[in-house]
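Listed next: structures, encoded as structure tokens.
Across the two complexes that follow, chain A remains constant while its partner is chain B and subsequently chain C.
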Partner chain A sequence: MTIVEGPVREAVPQGPLKTPFYPRVAKIDTVNQWHEWKGFSSPDALYCEDLEYFSIRNGTAVFDLSPMTKYRVTGPDAMDYLNRLVTRDMAKIKPGRVAYAVWCDDQGQVIDDGTIFHLREGEYRICCQERHFAWFQAATIGFDVDVVHETEDIAGLAVQGPTSYSVLKTMGVEGLEDLKPFGLIHVDFQGTEMMVSRTGFTADLGYELWIDPAKALDLWDALFEAGENFKIRAIGTHALELARIEAGYLAPYAEFLPVDETIRTGRSRSPLELGLEWLVDFKKPNFNGRRALAEEKRKGSTWRLVKLDIEGNKVADSSYIFSNSKAKGESIGFITSAAWSPVCKQNIALGTVRTPHGKPGDTVWVEIYYQREMHWNREMAKATVVDKPFWFPPRRGATPPGPY
Partner chain B sequence: MTKSMGEKYDAIVVGAGHNGLVCSALLAKAGKRVLVLEANQQVGGAAITREFADGYLVSACAHLLYQLQPEVRKELKLATRLATEDMTTIALGEDGKHVRLKTDSVEGVSDEDAKQYRDFRKRMARFAKLLRKVFNKTPPRLGNQDFQDFLTYAQLGLDVRMLGKAEMEAFLRLIFMNIHDEVTERFEHPMLKGAISLDAVLGTHLGPRSPNTMMTYLYRLAGDQGRAGVPAGGMGSVSNELAQAARGAGVTIRTGMPVKRIIIENGRATGVETESGERFDSYKVISNADPKTTLMKLIGAKHAETGFARRVSHIRARGNAAKLHLALDGLPAIEGLSRKDFAERLVIAPDEHYVERAFNPAKYGESSPNPVIEITFPSFRDETLAPTGKHVMSAVVQYAPYGLKGGWNEEAKAAFMKAIIDTLAKYMPDIEQRITASELLTPADIENEFHITGGHWHHGELSLDQFLFVRPVNGAAQYQLPIDGVYLCGAGAHPGGGISGAAGRNAARAILRREKAA
Partner chain C sequence: MKSYDAIVVGAGHNGLTTAAFLAKAGLDVVCVEKNDYIGGATVSRNLYKDWWYSNCSYVCSLLRPEIYRSLELHKHGLQVTPYDGSVTLMENGDYYGGYHDAEAAYREDARFSRKDADAHKNYSADTMRQCRLIRDFLLRTAPDPTSFKPRDLMELARIGGKLNEMGEDRLGETIRFWTMSVAEYLDEYFETDVIKTALSASGIIGTALGIHSPGTAYVLLHHYMGDVDGNVGAWGFARGGTGAVSKAIAGAFQAEGGEIRTEAGVDKFIVKGGKVTGVALDNGDEVHADVVVSAMDVKRTFLNCMDKSDLPEKFYNRVENFKIRGSSGKINIALDGLPTFPALPKGSPLYSADIHFTDSMERMERAYDDWKDGTWSKDPYIDMTIPTTNDPTMAPPGKHFMSCFIQYCPRQVHGRDWTQEDKDGFQKSVFDQISNYSPDFKDLVLHAEVRTPQDIENEIGITEGNIFHGELTMDQLMFNRPIPGFAQYRSPIGGLYMCGSSNHPGGGIMGAPGANAAREILMDLRRPNTVPENFGDD
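== the complex of A and B ==
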């Protein structure tokens, strides 16, 4: 037998990929608790969830968000393309601004939400949790636009917390004084362009930094050096998740299931059902889902997203929601995310209930099961529907931010 | 700059194909002011008669009339004169032993085959009748995109809404089957099997073993059980008659007016702009062009939602039927035929495997070296079509795939032409000497000259995923696109192609009904 030499192929990586910051994150890690996030390994926690959480609210938390899915959208029709893709009016999003947006299928059901960065005139980046290349590609039909998947081309760090402004200033980032929430600037970092956006998943003062992966480790080192006196800490997803719930932000697979992942009808949600009507601009003549959403608005929605302030301190994970304290009749919905909020000192949750239930101010009842030494207990906890995020401090929006 | 033509129409129909004419005529009869804009100089689309050689005229695409719906005939008071009617299909045998197929009998086969054929046609007739009913209705709306739902809905909904339950079940079973299984189970004679197979696949990108070729076979019968005739003066006569009916009802028809785009303003149609830069206003634009052309070229996919645009962009419309026109200095010699047989429909499809093998190369972008052919000599009964003593042969030839590898250049056309003539010569040894002029229209030519995507007979494949509730695609099966004010009225819409007028009539009725409801 002769062995024919073929072309040398690069080895296919086994197991989850490592982000550009992996060497540093892994070095700090003491608990060895990781999960997979869209093909990358990402830490649940690095040393202590609670401490990590408090660094978001009391210092500066650094989170490696490189696995976030990123697409670059360019070309003469880039704006028109996005305007048809998402429900909000992208014409209002000027260069240097970032838009939180949601996109739907033709039936007006949410595929995902994410942020769209208007990097430069006519040049955009979509940033989201799920992968959508097939859909985004299909959406190019009829447009002069290029959509490129660039997740691995950009390393990203979330730098969140009251001292984050001071940390970045100390690191030498200029122009932050005037950067408002949902603004972005391009700055120089050691001779490489870095994008800084005032965005985040924490509803606190915070930034996200985006850079060439080759400079990732230098950025990390500079950041931690600058943060030395500002309580800087790296964090994992558990701490971030708690901050996310406090902020009242949605997460796919919690508050909604991407419609392309559903099989049964009625298991997806529309933006109207997720409290995102402010993101749906019916003045636009055409966007994906417009017809269906206009119809839904006329007829009324089936579901409503609720933020709940729950009595007691038992976390209402996966609980059913009832309209009465006796759990009589059918449940009106269920909890999608729940937590004890240390900073609000409140038992909070997000949930989905059938309309007309769940108007702000309404009282509902949550059926909470909890375990004590193996045995299960059940509690019907009273809850109030609130319409504001649980945590939304003034410092989040202050421009210029205060130095802490 | 476009200048608006001021006059406002209740509806503008893009294209004066026979369906566009039917639709416009019915709308006008209901009191609407209708303008029809046709790209070509002649009305009729793929249903025209034209001169292809000095003194020789022919039906340029469609040449046999077998599906024109009685409803259309009646409502528009058509009195089409036929030069030939109730044609026999003669399956040609190289040895001069031919098989003759009539609507419910067959000659030239064993008694058992003859009996089977009678049974077969009786059964088919029952289903064709059902299908004809469906033909003339707007399909119900489908809840979501699931194909299984489509079937469920078909089973539950259709039989309640349209047909009886038992018949419907049998029908639903049948339409998935392929014609190959049916003919091999029933018949012995290869030429009988071949001729029926040919009928099932004519005009499609399907072979006899392809799924749902029972449905395409039935589709052919959904007129007058497949009884075919040839209009006096060629197929153009039907279109001219329709145009006359339309004009009589007040329709304005303008030819030589290619529409460049359907104008969408604020999410709805407001008119059309022609290539010459004229603008015509109307809140209803009805397209006789195929669905792909309509959305991708005339409207612009960006005016639709992504899912819908993607579905339309994926419509399969790969034409396979070429049209051959020969000017002959006399009728060719065919062994075993009497002179009067030249009035009939002759087919070359010696057995079911031959048809499948003719299809095979088409899957890979090659034309058939041994094509299947449907032949008529329209001049035999109609001397207006050729100089005295001379004749015209009009033939549909398959398979000539639209996406031929390397494209349909002169060389490729010459090679396919040779394959056709060689095939014909097996049955008509003197054919080559008789030819004084010829014209071969490949699907690429048909696309160019008739503005049909892929040059496809049906403006989009006739297969179950593009049929009924999902024809041309889900979301547009009720003659209305999900863009306000834009409608479809051509072969790409339900039920499909063929000179039937069903799509045009259903579209007009759906539009009028919707208007009433609003």
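== the complex of A and C ==
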């Protein structure tokens, strides 16, 4: 063997990368608070997270969701492939529609959730938080289907809030009048195809825009120009997270852990334990986890996801949940996400409790620790299990949408 | 002649650990060591000018934090600093880097295969699940499955509970994992040859098996189950070399009033009426105690230092058949400067990583073929580190110490002892491989200490120079280690105990066999226990 001499391969980048929108986001950023999101820099906040939150509920909030993991699924068996992969019936999701879905391992435990866009006949995009290429590839066995990782090939923006329809209309997007929640259309943006879906993480009127990264900055500029009179603002993750909890949506690593990353058995959750039974179609003859989920349905689940309306105003971060006000005996569960809801003026939380506790209407008690000027206080707060999202305004589903 | 409460034979890190915990319980303890230095294979020696080598073991992860804390090793000079990553330099001029930063590691994997990059997290979770199971047993005595003593039954029930709690599916995976080869295990996750190769080495290090040999998947755990400050799987350097570990434990022992006698090799255990009464030293002296603890490996203990007639025949046969084959060598090198590896970017943090040159599973297995042929690998697997990129104490400023662990290297060459010519050939195969990737390496070499298994056996005393005091396969683990029925640190001879790595939970700078043995001895002596309990991961 001869001596190896260069050329030297550059080391892979260390630390977070920049998204296609980074130059614009960084330019308006005034607080310099960033975190890493799946290998990319993402802002916690850009100027003030409280005000950013209100742009979701009052105007239009723009959030860079380019780091979301994306896969393209194509081929003659694309639908059959997805039908074995996820628990819900994908045959019902026609082209131009979007499906929220979960996928499980053979034990019926959730690997991840995400949205599946039926872009065109037989052509799908899976959009999710975690990376699953190994799993999605393994799941192709027996199907004539192509799965391609395309995270870096598509830039994405969430455009959410009551004036979002007006902003996009002003920007020149046509066809939004008839676009219902979980619908998608392809439109032209300055000569480039842009996909617009009526989806989001906020339970408000809102859209997501998907485009070639080369047009990302043009899109940003056009959007903010169009939004000038519609209270448009860019936001960071903290504001979105608050809206997410109000909507009662699940977040991985909060409400569930991807089962393939859990070390301890019993730390994962099934769709039934996450209140997602409506996504499990037992009429399908075969899908990953079907046998285990059918068994669980027969025998009953161990855990139940609860939405809690908690009395008082002390946020119940990381709290234990008890069946009684004295915190006697073992806790029945714990809080997974909590917030004071500015729009509902409610102390809200998501949690996981052992069955049979946590039926809608049940009363539970939450042990809250909170700090005031260095000193810690403890409060047992009464909480009611609710079954509806905390925030779900009519304007979210209005078609055609209102102007504001 | 003075007599003691206990004699510990061998001042390696396990012997010293046992000695320290016994002394802490108030026993009058002497530790006898054949060499004129302490540490056994956990040693740093000054063989050339101002260079200090980690002559045998060279990195640290398994050392039980419970022992570290309980013996206050920081007060006796020990500091373990974590280091980052690993790299495999490839024949085609590329390299595969393993980074501490999760995203950098992901990107590096994805350069070869996106699928492998995603599968890596599943591989890590599945392997960590096995680590978690085994970590729980490190500071516990393995139960005897044939015993009806309440303590054994309770421990067995505890193990049963741990397995049961994994669930049927994961329990099935666990049983497969214990018996399968590391190559098969990796095939279930990865498609890229160099990624599999880089990960496979942990399955064969210190083991006379190839990556395709059944049972090697388990050996992985011995390289993953350790931790540095709770980061499971992380590795560190002891400041000053691994000898700092032995020195610190010796310091703790002496602070409790313990006595260390060097150049005091044991010729024989003195056995009277089935009970040990002391040891006869090479120099003719005798030292007496009712408790004698051997930190030597099980073969040396019972085959070299005892009358055969004192041992049950079956036990003797089992000891004879204990697998403790020489499979690895070591070369320690003083360097005049930092060698360049042109494939790596200048100033790359990977210079401080574990550096490897074996980039295919085929080469890995071929290296084992040479061993089976009775010779050293002509294209060896080298685990190379340059501790002085982290540690300012081991070489003069600007100079470096390079440690090369080499697999495979047999105890005998074609059935005969090593000659100087053989040793030169062994060194050449290593030097040639390194200089293939580092043109200036050979010119920088000032001094090299070449250690074959024969050298390690002769100097340190470990049979065949096996770094784990016996291979870590299921037939020699837990209640089978070293011998079924004698896995609780006791021997067939009354008062004679074992505390070396031939015992559960095995080798590595762990201290667990030493600590566990001390706990058993104190229990037999009805003395208060000084050995800490497992911190626990949950």
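As a convention for this text, the second predicted complex is superposed on the first by the 391 of 404 C-alpha atoms of A that agree within 3 Å, B and C clash if a C-alpha of one lies under 4 Å from a C-alpha of the other, contacts with A are read in each partner's own complex, and residues count from 1 in each chain.
Everything below uses one rule, namely that contacts are C-beta pairs under 8 Å (C-beta built on N, C-alpha and C of every residue); 3 or more make two chains touch, one makes a residue touch a chain.
Values in this document were obtained by computation on a predicted structure and should not be read as measured data.
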Chain B versus chain C as contact partner of A:Phe143, first or second or both or neither: first
Partner chain in contact with A:Thr265 - chain B first, chain C second, else both or neither: both
Contacts of A:Gly289 with chain B and chain C, given as first, second, both or neither: first
Touched partner set for A:Gly39, first chain B, second chain C, both or neither: second
First (chain B), second (chain C), both or neither touched by A:Lys314: neither
Touched partner set for A:Lys215, first chain B, second chain C, both or neither: neither
Touching partner for A:Arg9 - first (chain B), second (chain C), both, neither: second
Partner chain in contact with A:Trp135 - chain B first, chain C second, else both or neither: both
Contacts of A:Arg84 with chain B and chain C, given as first, second, both or neither: first
Greater chain A contact set [chain C / chain B]: C
Shared chain A surface residues [contacts with chain B and with chain C]: 106-107, 135, 265
Residue ranges of chain B in contact with chain A within the complex: 143-144, 264-268, 296, 300-310, 313, 475, 482-483
In the complex with chain B, residue positions of chain A that touch it: 77, 80-81, 84-85, 105-107, 135, 138-139, 141-143, 265, 285-291
Touching residues (chain side chain A, partner chain C) in the complex: 1-16, 36, 38-39, 106-107, 131-135, 137, 149, 260-266
Residues of chain C defined as touching chain A within the complex: 89, 91, 93-95, 97, 99, 101, 103-104, 106-108, 111, 114-119, 121-122, 125, 128-129, 132, 165-167, 169-170, 189, 342-346, 348, 350, 435-437, 439, 538
